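Each of the two complexes below includes subunit A, the first together with subunit B, the second together with subunit C.
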Partner chain A sequence: MATVYVNDQPVDIGNEKLNCVQAAEKAGVLIPHYCYHPALSVVASCRMCLVEVGEKKPDGTISMMPKVVPGCQTPVKDGTVIVTRSDKAKDAQERTLESLLLNHPLDCPVCDKAGECTLQDYSFGFGKAESRMHDEKKTPPNKPDLGPNIDLFTDRCIMCSRCVRFTREISGTSELYITHRGDHSEIAVFPGDPLDNKLSTNVVDLCPVGALASKDFLYKQRVWNLKTVDSVCPGCSTGCSIHIDGNKGVIHRLRPRANPKAQGHFMCDEGRLGYHYANSADRLREPSIRGPHGWTPVGYREAVQTAQQGFNEHSLRSITGVWAVLSPFMTVEEAYLLALWIRDFGKEARLVLGPVPREGEDDHYPKDCRGNAAPGVPKFTIRAEKCPNRIGVEAILKHFTGTVIGFDAFLTALGKGHVKSAFLAGGYLPTGRGHWFPAEAVPLLEQVNMLVVQEIFTSALSQKAHVVFPSATWAEKEGTFLNHQGLAQEIHWNSAPPGESRTDGQVYLDLLGRTGLMRAHQLRREIAQVIPSLSQLSTGHLGTEGVLPGEAPPVQSPKRKIPVS
Partner chain B sequence: MAYEPVLLARANKADSTSLEGYRLDGGYETFARVLKDMTGQQVTDAVKSAGLRGRGGAGFPCGLKWTFLPKGHPGPIYLCVNVDESEPCTFNNRVLVEKDPHQVLEGILLSSYAFKATTAYFYIRYEYGAGMRIMQKAIDEAYAAGLLGKNILGSEYSLDVFIHRGAGAYICGEETGLIESLEGKRAWPRIKPPFPAIEGVFRKPTIVNNPETLANVVHILRKGVDWFKSIGVPPDPKNPRDAGSYGPKLYCISGHVNTPGLVELPLGVTIRTLINEHGGGVWKGKKAKGCIPGGISMGLMTEAEFDTPLDFNGPCRVGCLGLGTGAVTVFDEDTSIVDVLHNLCRFFQHESCGQCTPCREGTGWMFKIMDRFRKGQGRREDLTVLEEVADKIGIMPGTTICGLADGAGWPVKNAVRKFRAEFEKYIQDGSASRSKPLPMAAH
Partner chain C sequence: MAINTKDVTWVEPPQLGLLDQLYLPAIVGGMATALKHLLETVTGTGPDATQQYPEEKPKLPPHYRGLHRLNRDEKGRVKCVACFMCSTACPAHCIDIVAAPSPWNDREKYPETFVIDELRCIYCGMCEQACPVDAIELTSIFDLTGLSREQMIFDKEKLLSVYDETVRRGTDPVRTHSGKLGPASEPGEAGLTESSSAQS
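Up next is the complex of A and B:
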């Protein structure tokens, strides 16, 4: 056990190997830093983290080192004394900030980063109010085509080299480098070799200032207008922890949220940029019913009643003709409620897992110079399984049906005319990889007497339905996803589903005739009681990092900051 | 009694670069004897007790540095010979390598043998084409004569020497910058620890030495520790941290003197003696205004300080950074100190590698200020800024990774403090009209 003294305050750091920045963080003290990032190698070059360091001897005397040292490069041990706000340390921090601003354009009013820029924050917290610079600033030209997703505002760069280290150490693709020397250094790419890799936009999050900007987000929003919630990316079974940033019902960007239990610090570009469908004006906005005279939009209540009645009638005629297809995009709670409803009709009602989209092989990073995965433990993996919750939905299915019955069983039954009423649950991402339901099987749906479809967009499939519910996207609902290793994480809604739509879980609750709103934490407790294999949900709370199978869940979720909008 | 040069003893001989010529003067006899009779540890001990300090600029005790290598390391251990020599006004390595390559090579052999290095990299700046070719010829001769390669002179000891040409940057001379450059990367100095002796080239233990340091090793082993300690200046009894300044030193004399050149003298000669007795006095019958005492990183001296002895300690006593490379550049009384400082600042803003914020921005800022000065727009406040920036950048205050920043700050603070009146006059006169445009520098 080791004790470190941060500004006179003792902190126990256990046996952890920490540097001064990390140790101070444990004490709740911010040592400002730019080049240091926990996922990247330490270069100690920005010199923002200068502090005074010393040692407390067993006899209680303290001997300080005569000069300031970079906190990020200095390991702590038992008795280390860190002083972050002495005159000397303050002076060093002020000077570093003054230096950084010498050539900085300070075009905050038109800079995308303003509001979440550490140059602004540190200047406010640690800098001087006035500049002594009397000379012209450097104005190197911008590089709008650094990469297909990335813009470089060259003059805003503070040369922390995080972005360069990211492409060398995490993606391994090494597109970025620094050209020139001294204060004429610039971030650059080689001609014909732009910053174009599947992880490229992470450099925007890493960039402490507004030098690297995401073309997708550029000039869309001022960040202080955004409402941020914690969620999980639905793009693949890695289940990257993310923030969803939205404003007035529109999602504006996704950002990775550091989570050592899930993916680490980053996310892939496909996941990051794959949210646009949720903002689409073409989404289904209201339930509708197909009658003898074609489609009629109906109120939500009526749609629920129609579906309920249809299933009631047909289940009386043939319980084995009742089917529900659960998608691996559903939350655990939704899968549970839908299964519960279907099984209400009788034990023989059929529950199957919809198609599990897969693409290629798991894609491990960093790459070597030939583009193959480098040897060693991967630092990031984009998984081939392109859905967020197969494991969670399977756990529900196993509970109700003993084994997981695949989608083929449904198609076979459909081919033989055995499907009399069917509920095709929603959530499949419209990815441009084709619709999840095989086109050749669509005509067979004619013979189904009661077909209920939940979808985000209208399709050939919904055209064959009798009742269509607009489906909510993952950004509009609460629930639980289990990633590839069974890590259960909470997702939260950023905006309400459009128009007359309800979240999918609410639809099932209403079908079940349960009163009240869909509350994920209550359902988690219920599920954990009913299904022992999901005991990790027992408290209803999963914390910000999620709970692995067999791990004890937190008693309470940490208070979420209510974003000021 | 006039001092008899040893390092330069052969420099002016007709056949100074050939192996044959070197052998005629007793070359490699010392190495052969050491190989037969002494262990590596004994060589290290001899160098240590001779008090040999590095000639590359930092003056670190050479034998002590060798003992930092991990004990009983299975190898490989590397030696890097630092012939980047890019400190302005410095050319002693160049003469050593071009005139007497085998002396340097024998130093490489002895030192490598001392700390069991099996590979030595001879890192020479790109501009030294002749030096490179002469050294390559010497290495080839040595291989042919069985002095390099496997089982040297029939012993167990093997050593390979490779020449690596730099690609032109001052920072490649900083030892860890050199190592990065050798590995094929940008010469961005590494953070220490780990020091090169623990993790250097290709993450293996590495010693970096200047060729002049290595040449001295030859003579310590040839003529003995006592001979070496009879030359130079013993430690200052009043300064417990002074390790003494023993042995000969190559002094470069340049600038406004009548006969610029290279001389070998015992450490501790004064600048006045150097200028008057070896540099033929200040040119055109003028008086001197000041000088750069040991490469521009060491700061500036005024004429009044010319009696300072050039040993490892002397320049510090008058506010300079140290002995540096022992390269003295003299300015006559008509030289504008503003022009001098402008040019020095230009060098450092061009050569800062740019990774540390204080150095990258500080060198640039100081240059911009000096540039403005020369346009006649200097202000008194700028002098304060210059002093402050210069005081606060470098490894000494702890704000940078390498010593380039200390070196960039030193001439600035020396100039502003020692020649303040001239700066103030320049501001008042708006002397810009008098400043001639500077020629484009080669760098």
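Up next is the complex of A and C:
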């Protein structure tokens, strides 16, 4: 057991190998830092984390080093003494900030980072109020073409080199480098080799100032207007922990949320920029029913009743003709409720797993110089399975049907005319890869007597349905996703579903005839009791990092702020 | 929170003397004032108390807080840099801005739309205090009328036309900031280093 003294406060660091910044963080003390990032190598170039470090000898005497040292580069051991706010350390921090601000343009009013900028925060917390600089500031030209998603405001850069190290160590693509020397230094790309790797937008989050900006978010919102909720990216089975930043019911950006159990600190550009469909004005907004005179939009209650009546009637005629297709984009709770409703009609009602979208092979990072995955443990993986919750839906299906029946079984039965009533559950992301339901099978749906479809947008599939429920996106519902290794993570809603639509879970609750609102944590407790393989949901709370299979879940989740639009 | 009794100072009314207790001098003084005003009115020598509005417009002080205007820079473009400080400071939430990359080389950001709901506004002047580039100001135009709610929602063009109108009339409001403006206002100019030393 090793004890470190941070500003006279003893901290037990166990057997961990930490540096001063990390050890101080354990004590709840912030050592300001720019170039240090836990996922990147240490360069100690920004000099912001200068602190006084010494050692407490076994006889109780303390000997300090005669000068301040960079905290990020100084490892701690048993008896290390760190002093972060001595006159010497304060003086060093003040001077470092003054130096960093020499050429910084202070155009905070037009800078997108303002409000979450560590240069602002540290200037307030650790800096001096005035600068002794009399010369003109350098104003190197901006580089809007740094990459397809990235804009560089060259004059705001403080040369922490986090972005350069990211492209060298995490993505392995090495597009960025520092050109020139001293105060002429600039971040640059080689001609004809823009910053366009699949992880490139992470450099925007890494940038401690507003030098690197995301073109997608540029000038959309000021960050203090955004409401943040914790969620999980639905783009692939890696299940990256994310923040959804929205305002007034509109998603403005997704940011990775550091989670060592899921993906680490980063996320891919496809996931990050893949939210725009949720803001679309073309989404289905109200349930509708197809009658003899065509489509009529109806109230939510009427749609639920029509679906209930239809399934009741047809299940009495032929219980083996009742089918439900559960999509791997559903949350665990939704899959459970839908399976429960379908199985209410009889044991022979069929439950199948919808098509699992796959694209290519798992994409491991870092890359080597030829663009292949470098040897060693990958630091980030974009998975080929482009859905967030196949494992979770399969666990539900296994409980109800004993085995997971694939989508082919449904298509075969459809071809033979055995499908009499069908429920096609929603949540599939609209992507450029075409619609999830095979186009050649769509005409076969004519013979289904009762077809209920949940869709986000109108499609050939929804045109064949008898009842259409508008589906909610993942940013509008509560629930649980299980990623590729079975890590159960909570997702939370950022905005209400549009128009007359309800969340998918609420639709199933109402179909089941249960009263009340869909409460994910209560359903998690119920599911864990019914399905032993999902015992990790037993307390109903999964914490911020999620729970792996076999792990004990936390008793209470941290209080969550409900976004106010 | 209750007031601490030791912070309370009791003030007694002044004692009246013999003359004050008679009240006669006060009555005579009051009558004299009334008589003076009567004579002034009858002879027409006193100041006019009534203004003949609307034929005669009042002359308001230049710091009066009336209708907003959006200022133009020296090239005639909107001076606003779309920093959202005004809409953040606004207690009535009446300012709505959509920002975009500016079409000009010397500026990075500009307001694509800038809308003030003049019916919602409480004319507190927080927006002009918050503005780092003195782009929004309250003018002394107070007689704001409209036939519909839509007419009272002022967009960027309308607010710029208020600027043109006040400049033509010569009724510019007083500047809210003293000294130089922030660097976001005057990029690349010589004044930048002097002002930035005060700001950094």
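By our rule, the second predicted complex is superposed on the first by the 560 of 565 C-alpha atoms of A that agree within 3 Å, B and C clash if a C-alpha of one lies under 4 Å from a C-alpha of the other, contacts with A are read in each partner's own complex, and residues count from 1 in each chain.
Please note the rule applied: contacts are C-beta pairs under 8 Å (C-beta built on N, C-alpha and C of every residue); 3 or more make two chains touch, one makes a residue touch a chain.
On a predicted model such as this, the values are computed, not experimentally measured, just so you know.
Trainee: Report clash or fit for the pair subunit B and subunit C bound to subunit A in the combined superposed model.
Mentor: These partners fit in the superposed model.
Trainee: State whether A:224 touches subunit B only (first), subunit C only (second), both chains, or neither.
Mentor: second
Trainee: Residues of subunit A touched by subunit B versus by subunit C: which partner has the larger set?
Mentor: If we count touched residues of subunit A for both partners, the winner is B.
Trainee: Contacts for A:48 in the overlay, against subunit B (first) and subunit C (second): which applies, first, second, both or neither?
Mentor: Only subunit B; A:48 stays clear of subunit C.
Trainee: Give one of first, second, both or neither to describe whether A:472 is in contact with subunit B, with subunit C, with both, or with none.
Mentor: Neither subunit B nor subunit C is touched by A:472.
Trainee: Looking at A:161, would you say it contacts subunit B, subunit C, both, or neither? Reply first, second, both or neither.
Mentor: Only subunit B is touched by A:161; subunit C is not.
Trainee: Check the residue A:130 against both partner chains and state whether it touches subunit B (first), subunit C (second), both, or neither.
Mentor: In the superposed model, A:130 contacts subunit C only, not subunit B.
Trainee: Let me test your reading of the model: by the given contact rule, A:353 touches which partner, first (subunit B), second (subunit C), both or neither?
Mentor: neither
Trainee: In the superposed model, how near does subunit B get to subunit C, counting Cα atoms only, in Å?
Mentor: 12
Trainee: Going by the contact definition given at the top, which residues of subunit A touch subunit B in one complex and subunit C in the other?
Mentor: In subunit A, residues 132-136 are touched by subunit B and also by subunit C.
Trainee: Touching subunit C in the complex: which residues of subunit A?
Mentor: Interface residues on the subunit A side: 98, 101, 104-110, 123, 129-137, 139, 142, 153, 218-220, 222, 224-225.
Trainee: Can you tell me which positions in subunit B touch subunit A when the two form their complex?
Mentor: Going by the criterion above, the answer is residues 169, 171, 186, 191, 349-358, 360-365, 368-369, 371-372, 379, 381-382, 385, 392, 396-401.
Trainee: Enumerate the contact residues on subunit C facing subunit A in the complex.
Mentor: 81-85, 88, 99-101, 108-109, 132-133, 182-184, 187-188, 190, 192-193, 196-200
Trainee: What residues on subunit A touch subunit B, complex-wise?
Mentor: Going through subunit A, the ones touching subunit B are 42-48, 50, 67-69, 73, 91-92, 95-96, 99-100, 102-103, 132-136, 138, 158-159, 161, 178, 180-185.
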